[in-house]
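Everything below concerns the one structure shown next.
Per-chain residue numbering starts at 1, and chain names A, B, C and D are given in the order in which the chains are listed.
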């Protein structure tokens, strides 16, 4: 079996497309953002990536149907002047080993490269360890010009954050992307790190929308954020009553989103 | 050394065979069922799979003879109208790493594909965490039609179970099977998860027998179930007397079956 | 880099040679025996195996010279009627992962096969968990004829030992050896499992010497056994005085041999 | 993706160059020394090694620019009679698995071999477990002649240290180097093992400078050593006041250098 099995679902010519990556991670910010972007833009499936670097797992839908875990590349062609063709990478998992991270990222970049990608945006969460009321968006980039361009969109480039660098797909897509002569930016929404965080995903997407010249309706994401707020509030109240055993409830929360 | 070494033991033409998989796992339900099916149908060895994704281990028989751990594919040709040719995969281990799970499953599916397999039944246990008097059989499938067909045989498709999907060979044979254009069903017998569970294996096999139009004699499996009951009863009594140290006894029980 | 790098040190024709394997393991019995055999027979280096499946380690001699960890195959041609050509595999480590165990064993067997090996003796310790005054030699074999032949040499084939089979090189050389049409026997010297055990190695070698029709002088091995006895005695006395902290001394003992 | 991706940055003919390796490890002695040597000699980038055997990580500079973790080979041509061309290998990580250690070392040695390297110096720390006021330099080598030559430069070849051999890149470059017919020496600066240790790096570099006939200015390294001394002193005082919780401060110290 190939390390990564790529199933091309469609053959479509793209014009200078930008690649947007958002996979599960801190606060699930990247995945929430990428999935929401895909839904809002009505992006269509282009390729599916199966791999032995994912867990040996299938998901079962409510209807009882199985689906092998994967990463998925969707595309959305520009619809009006000022827009660009977009590729969106989402999925169930990042590679579950360092080797897997490299192989999967490299394979996706190969496919993106063949479709003409020269620019990458990666979306992620940045764990602050405390509740963040109004999440800022931190950035890292492959060139000084991009740092400046992102600063104009409100992205914060902090001297100390992220101190130890970025670990995982969002950093690697930029790092390995350089081997494909791609430039790019990582957008990291601040988040507590304890919950899935739609509000942080929204902050990230707002920057991305400006950068890509697209318009997004955030109604659904804001509903989801309020739902999380309600549950967090409940947990808060439960903890006030019984401060010793909030663990279970908190874990439940992890599955929402 | 090849990752997986396939030893073909016989060359036999099969007609639209169905593949039945049952490897060690929760309650050993899948393995118990597959081994019992093989014995009852007097299935014959077709291929042996050795692999570096198994432990570096040989078993020693009571006569002092060694045997390298393996997975084993047996076949049984249809004997009367209404029956189908059957391939049964059993063995000592599932692959001991995610990569191994994918590689082994893929390799077995290749061999099955060459023999014309288009349909797969995977057999497994579903851990409920408590004693199950009358195990139900839960299901997951690759198509809505199969879900409906299985419901008619009494299989339960629960909205919430299995919540996190299936991990291991029984899910993977269906998930990767799709890459070989195979359809299939996973049959999961409810079990406590604490013992090997012949009764759950029997429940699973009864559904399978109906689905395949074959008849099975369950006498031996029921004897084994009663043996486990006796031991469980003894443990229960021992625990009643000395509730603090049942661990050793319980572990002993794990080897029965 | 190849997974296993084989350095052939000599080209020598061998006549129906028998392969004897003894690598580090329980009580270091196998390694002690194989190294002693090599020294007694004045066997000469034939091939060195380096591998990424060993630790990334060099040993430093007392003179300050480094040596990369390896497995080593030596040979000794028959010197008189009744003797056979012998290949001896020893070394610093077994493969440090299941995959490594398979790859290394397979690679050594390939080299052995090219030199005409059809029979393998593997030497190992069998941990009893308590002090063994007069170690028996337990056996496992690839054929009933070999079981019978070994019984005549005093080897014990126990119905229950080893219960869970053999894990590691000594089992794998026989298990994978079958893929090369080799037959063989595993000789396991009983040992406590707490110390390196020259006395157990001697028991194993005495059986092997009879099986191969060679004569060995055990003086040096018996000296080593007595040295271990003295140290064990000291530990015993130290424990009698200060029963709570024997760990350090015992660990020291582990390096002797 | 190749296991190791080599980016050649320049094509330069070298004359009998010596390879100096210093990667992160005990007390960061090797990396401190190699980086300092590179800066002092104004060595220029020759090749970059990316690999799936490194963590999937990018570093972010204070300016917000990302850089994929790597090993880096620099060169410095001889500037006057008596000097030699030098290659220096430094980097962010050693391979993060035994397999990775072997593959990366082998790949670097291949590149070095193509550039004519026949001699290797590896730089490392040797953990003594206690504060070392005046670090000695311990040695290990590939030949008796080199042991003698190093002794004349003050290197200590101890009968017992390092007892268990060398684990990691510094040993492996010599061990695998033998497969490329390279000779070499490992220079290990004594260090406590608790801090990054510029003073130990200086001791190692002083030996190396003599061996290579080059002159180095140690001012900057001594400043760094004094900075560490000041921090160590602060920790000492803090521990004197609150002896129970020095862990955090000590960890902070680990990042200095």
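The rule is simple: a residue touches a chain if its C-beta (ideal position, glycine included) is under 8 Å from a C-beta of that chain, and two chains touch if they have at least 3 such contacts.
All of these numbers come straight from a predicted model, not from anything done at the bench.
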item: Shared interface numbering between subunit D and subunit C [over half = same, under half = different]; value: different
item: Approximate Å spacing (C-alpha centroids) for the pair subunit C, subunit D; value: 38
item: Length of the line joining the C-alpha centres of subunit B and subunit D, rounded to whole Å; value: 53
item: Residue numbers of subunit B (touch at least two other chains); value: none
item: Touch-based graph of the chains, sorted into line, ring, star, complete or other; value: ring
item: Chains that touch, pairwise; value: A-B, A-D, B-C, C-D
item: Footprint of subunit C on subunit D - complex, ascending; value: 95, 98-99, 101-103, 105-107, 139-144, 147, 157, 159, 162, 164-169, 171-172, 174-176, 178-179, 186
item: Interfacial residue positions of subunit A with respect to subunit B in the complex; value: 1, 5, 7, 50-60, 62-69, 96
